[in-house]
Amino acid sequence: MSLYKMEKLRAVLGNKTVLDIESLTVEKGVITAFMGPNGAGKTTLFNILAFLRRFHSGSLVFDGIPLLCSQAPPAQLRQRAVLVPQEPIMFSSSVEKNVAFGLKCRGISLAQRTKQAHKALDEVGMLGFAKAAAHRLSGGETKRVALARAIVLDPEVLLCDEPTAGVDSQNRIIILELIGRLNAQRGMTVLITSHNAPWLAGLASRMVHLDSGRIAEPFPENTFLVHPGPDGRSLFLTPDGPELVLEEPLAAAGTLTISLDPKQLALLPASLGRAADKNSLSGVITGVLLKEDRLLVTVNAGVEILISLSLAQWKAKNLGPGDIVQISIPASSIRVLPEKKPL
Amino acid sequence: QSQVLVMSTTTSTEASGLLGVLLPELEKDTGIKVKVIAKGTGAALKDGMDGNVDVVFVHAKAREHEFVEQGYGTMRFAVMHNDFVIVGPPSDPAKIAGSKNAADALKKIAASAAPFISRGDDSGTHIMELDLWKSTGLPLASKVTSTTQAGQQVEKVSITPADSAKWYFSIGQGMGKTLLFADEKKGYALTDRGTYIKYKYGSDAPVDLEILCEDDPVLHNIYGVIPVNPAKHPHVKHDLAMQFCQWLVSPRGQALIGGYQLVGKQLFFPDAITVQTP
Amino acid sequence: MGFFWDSIVSALNLLLAADSELLHIVGVSLTVSSSSTLLASLAGIPLGLFLGFVNFWGKRVVITLFQTLLALPTVVVGLFVYAFISRRGIFGPFDLLYTKTAIVIGQTILIIPVVTVLTLAAISRMDRRYKDTALTLGAGPLTTARMVAWEARFGIMAAVAAAFGRVIAEVGISMMLGGNAKGFTRTMPTAMALEYDKGEFVLSIALGLILLALALGVNGFLQFFQGRARQ
Amino acid sequence: MGFFWDSIVSALNLLLAADSELLHIVGVSLTVSSSSTLLASLAGIPLGLFLGFVNFWGKRVVITLFQTLLALPTVVVGLFVYAFISRRGIFGPFDLLYTKTAIVIGQTILIIPVVTVLTLAAISRMDRRYKDTALTLGAGPLTTARMVAWEARFGIMAAVAAAFGRVIAEVGISMMLGGNAKGFTRTMPTAMALEYDKGEFVLSIALGLILLALALGVNGFLQFFQGRARQ
Amino acid sequence: MSLYKMEKLRAVLGNKTVLDIESLTVEKGVITAFMGPNGAGKTTLFNILAFLRRFHSGSLVFDGIPLLCSQAPPAQLRQRAVLVPQEPIMFSSSVEKNVAFGLKCRGISLAQRTKQAHKALDEVGMLGFAKAAAHRLSGGETKRVALARAIVLDPEVLLCDEPTAGVDSQNRIIILELIGRLNAQRGMTVLITSHNAPWLAGLASRMVHLDSGRIAEPFPENTFLVHPGPDGRSLFLTPDGPELVLEEPLAAAGTLTISLDPKQLALLPASLGRAADKNSLSGVITGVLLKEDRLLVTVNAGVEILISLSLAQWKAKNLGPGDIVQISIPASSIRVLPEKKPL
């Protein structure tokens, strides 16, 4: 069942169109992940979905209730969806009072809310800080208390804007597990953003990619910043590193971003090719990862390059980690990515 | 700039509008511009003592003489007078209407315990009022406040009728405010005739007070003008000040004073017959 | 400067004599100005919060008007209130003119804009996230405003302090509406103005020093609590 | 309320007549109060920044003192300045008493505490990171203070607006040090006080309305620029 | 050569000892990474090393210059070390003015500083935002501009407090490459913190671990949040997941954190063990990574478990990605980690 339904949703900040979503549906009871580069509009979208900001035009329907862009978002819906912002701020009181605040707004008794606040703090590993001054916590501690402050309310919808940025690795796992559990056990709808694709992929049932405010194709893997050579056709992966040659010369100068399609790259044992060949790099296999039915092989050739093979192809090659290999990069696999400009 | 004379005066001369008539004529006749600083009599005299002004124009005869005797002023010119009246509510609870004896009237007011509003600001009017209370022979309460001046203890005595806390309001404000207060409290007050006329006939919200006691000879209010002594303050423009004073007591000045009317009533009576010297 | 020395000695003398008249004046001053500060805060702080939070058509104009009212002359306030409470006014029968209540009414009107504008300034600089956090956690508009006000408390306290300073030293309205009646509505500043009018400068300054000592006491007291709250 | 109606009509009449006397008074008012606001800002803003940034022994006491000076009575300021600039004072020879300069001096002293305390309040609520950022990027103490002041500009503008409102409507000091001399040092508020003394209530209120209109103009002007700067 | 020398350095905030470093030296011209859980004191340390905060006792020597804890840090040293804070804030002016600010403080001409600011913005991929309002940028954009604002000054020491938290994956690479280049080409001393161990390991020559304000051993890998069973000896990796049995019963109840030593875990082909065995989990090999001379094998057994083998051991087993295996977990490999409490 769909919980949020957006059609032609546009948000304008200043005089910049920050969000421009043709059509998007977020399902009830599901974890949906939002990915996308900086400035893609994730935070703006979350603020709108948490009923904290207006949108500019288009339609947004929440659980069958249509919202008007001409009106301030309805206050009563805020009780149903809680946002953990990207950069949370704490009220200048104790940690436990901060966490109990939402419960107080819901008229829960002091004893009850203290108990629940402590439980939520325990879940994010911050119970030891219950009496500490909330506005003096470290970055990661603040993030975790902010999460506790939201989950203690057991909302229908939890919007987490980068809940693990700045959180240490151990607590990151705790938090991800917690979010997964809230969804699995209580059926909580979770919307989450992050720049850490791997763990989002593990957690979310659905990934939505945003770019420049629009729903977009996921950003390609194997992305490199390169330095074009003087002829405009050769590219250097590092200033003194391997050289790639394009099919057509470039129009623009200056550093730019390219991606190499992992499926078009060929992996050869070192003996079969020569390292000096154009568009051929030699490196060491540093990793082999199984992802669905394909193998992702990481080769360190000065930079790490990812190659995607079928399981059969890999078996046939009889290679393993530590082996020295050649990568052949067809000019057709090189895609120059458009530079990001503000809309 | 050198033709500008600085004068401190009591508020009544300015508030009555008299200076508004005199000064433009003065400028026409002599070219002297007067910068008028209006304040209470006490403060006005103090300005003269400190040499902040060239001439003072006030109404407290005794203090003016003292001022000259102490060498702050060169001489006092008697300029004009008006008179004081006792006003009160038309209902007249103390029954003083028609009285020509001010002391008597005050006695009746005290006996009836009807509200009496006093300026209480050491102004000429206030001093006059206190003199009247003294002449009633009623018991007076005095209160002493001691301050230090130039290292010396100085005692200030303030006098009120005894046992008057319920009906005697000492408000420490100007004449107009005193009339408004009396109007509001349906009380009596001693006032100069000029201000009363202004508030009774020249106001948007006329006070509901009647003259109940007048024409007692003790009720005269005499204005004098004194140039500040250049021996004490060499920078003062004594010549200009003398010129100003002489113009005031000249037939021309005196005629203007006598001719000034407010809502058809004469407010000031020229006095300059004799010129007194110390 | 012997003059100021005289004033200090006189002030001490007055205090040592614990003159009942002086005590009465001090009492009137404190009652009147704390009442009007309290009332103006009760009106001005919510007003400032309202202007800070609620968007409505013409809001900028309303803010400009309030800023303009910072320049409200005491004579205008005095006459305005006078017109209502004098015996001829609508509230004449309540016999309010020349009472402490009248001063409180006038002073409250005088400083409501001060409290409002400075409260607005204090909260409009607050991080927007305080408001968003309160809202997303389910707080209603009142609780949200209260949370933001709490975060802006030092700014709001400065607003209240400025308003208090304005009225405890206020002369015009106290004179016009209180009447400076000795033993009734005489306040420290009107007493000072009177002594000045009489030419009793030393006494006037002595009273001023006592007034400042009083204000120092109030502020020291507040600072003490502020210091404790800050920890 | 016919009274207020009369006043409005009178105010319009006065304005339409463009009476040269009125224009002079308005001119004096504006010159004097903008000068004193400017001077007090030049002193008070840096003072507030200093108190906000520099730690020194006894700072809390100094802040309390400044807060106390919010309650500085005009009579005290007036007499204090009087003692210096009257003919007997040290600066007597400069012949400052009863000039516009004298009013400016007194008013400046009156509102320096207002600007200082409110500037301090405005910057003490600023995010500490502004200061740290400026410092780590190599800014000296002055540049750092300037950057923080810039971020707190709306608060500081509110401080200046409050100070301006205080002086444009100020009576006591203008009377005592300016003398309310017609054609020289008469300001709008002292003219109002005089008209009130004369019982000319309508005229007094009319002048008050003109004063408020003037303040409205100044504020509208500032709001306009503030609005543009906010974009 | 050592640049910072700390001895018995203590910092107290509120009444909590946040930093208590026995002895630590940071080398000149080297990238030193600081790791540690939230609240470890990394930000506090960076603030002290950037001469923005006092310390409480002990000694700190910068490039031969001793600093006194009794005095405010000397202003002139701030010109030599620039901090990019964890949560940067922008002055409310344009992006380019923000970046040019430090140059202005150094008396550089307008033309010159605009040029340099643009170059620095280009390096972090934010040139397109030069004229935008800096205080309205998104979280990741702000981070990147803050970095540009520091590197444009070409300082001797660059202190980056989590420079990539909140930065998108593509720009993360750009930033890391940039930091590496500044160090390699200009010899800039870099101090950096992050919660992302893998990439820090690639970048930094030295890793310093902080915990509760003290220099500590690195936090172990294979860390899991577990749920003890009712008997206090069995642990569950997920509520319904595999069970581990401890040698000794636990004292405390409630969720806790354990680590499994990757070197003590044994990897067996599925046919050799039984999945039902206690302390034996079955899973699929999902990755093989070469790290120095050892292989790290990732097995997905409901949770991802890391096993460390020598290259010889691995070769002998003849296993590969996608193979089903058994992991045997000796009770001795299970370490219960102490709960973090504020000092």
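A, B, C, D and E are the chain letters, set down in written order, and residue numbers restart from 1 in every chain.
Going forward, a contact is a pair of C-beta atoms (placed from the backbone, for glycine too) under 8 Å apart; a residue touches a chain by one contact, two chains touch by 3 or more.
As the structure is a computational prediction, the values presented were derived from the model and not from experiment.
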Subunit C and subunit E share contacts with A, D
Starting at subunit B, figure out the least number of steps needed to reach subunit E through touching chains. 2
By mean C-alpha position, what chain is farthest away from subunit A? B
Interface composition of copies subunit A and subunit E: same or different, split at half: same
If we define chain centres by averaging CA atoms, which chain lands farthest from subunit E? Would you check? B
Distance-wise, how many Å sit between the C-alpha centres of subunit B and subunit C, to the nearest whole number? 35
Compute the distance, rounded to whole Å, between the mean C-alpha positions of subunit D and subunit E. 54
On a C-alpha centroid basis, what's the spacing between subunit A and subunit E, in Å? 19
Taking each residue of subunit A in turn, which ones touch at least two of the other chains? 87
Which residues belonging to subunit C are in contact with no fewer than two other chains? 127, 176, 193, 196, 201
Mind pulling the subunit B residues that touch 2 or more other chains? 39, 177, 205
Let me make sure I understand the interfaces: which chain pairs count as touching? A-C, A-E, B-C, B-D, C-D, D-E
Could you pull out which subunit A residues touch subunit C in their complex? 47, 50, 52, 75, 78-79, 81-83, 85, 87-89, 91-92, 101-102, 105-106, 149-150, 153
Applying the document's contact rule, which stretches of subunit C touch subunit D when the two form their complex? 1, 3-4, 60, 63-65, 67-76, 78-80, 83, 113-114, 117-118, 120-122, 124-127, 152, 154-155, 157-159, 161-162, 164-166, 168-169, 171-172, 176, 188-189, 192-193, 196, 201, 204-205, 208-209, 211-212, 214-216, 219-220, 222-223, 227
Residue numbers on subunit D that touch subunit E, as the complex places them: 127, 129-130, 132-141, 143, 147, 150-151
Looking at the complex, which residues from subunit D come into contact with subunit B? 3, 6, 86-88, 92-93, 95, 97-98, 175, 179-184, 194, 197-202
Across the complex, what residues on subunit B touch subunit D? 6, 8, 11, 14-15, 17, 33, 35-39, 50-52, 174, 176-177, 198-199, 202-205, 233, 235
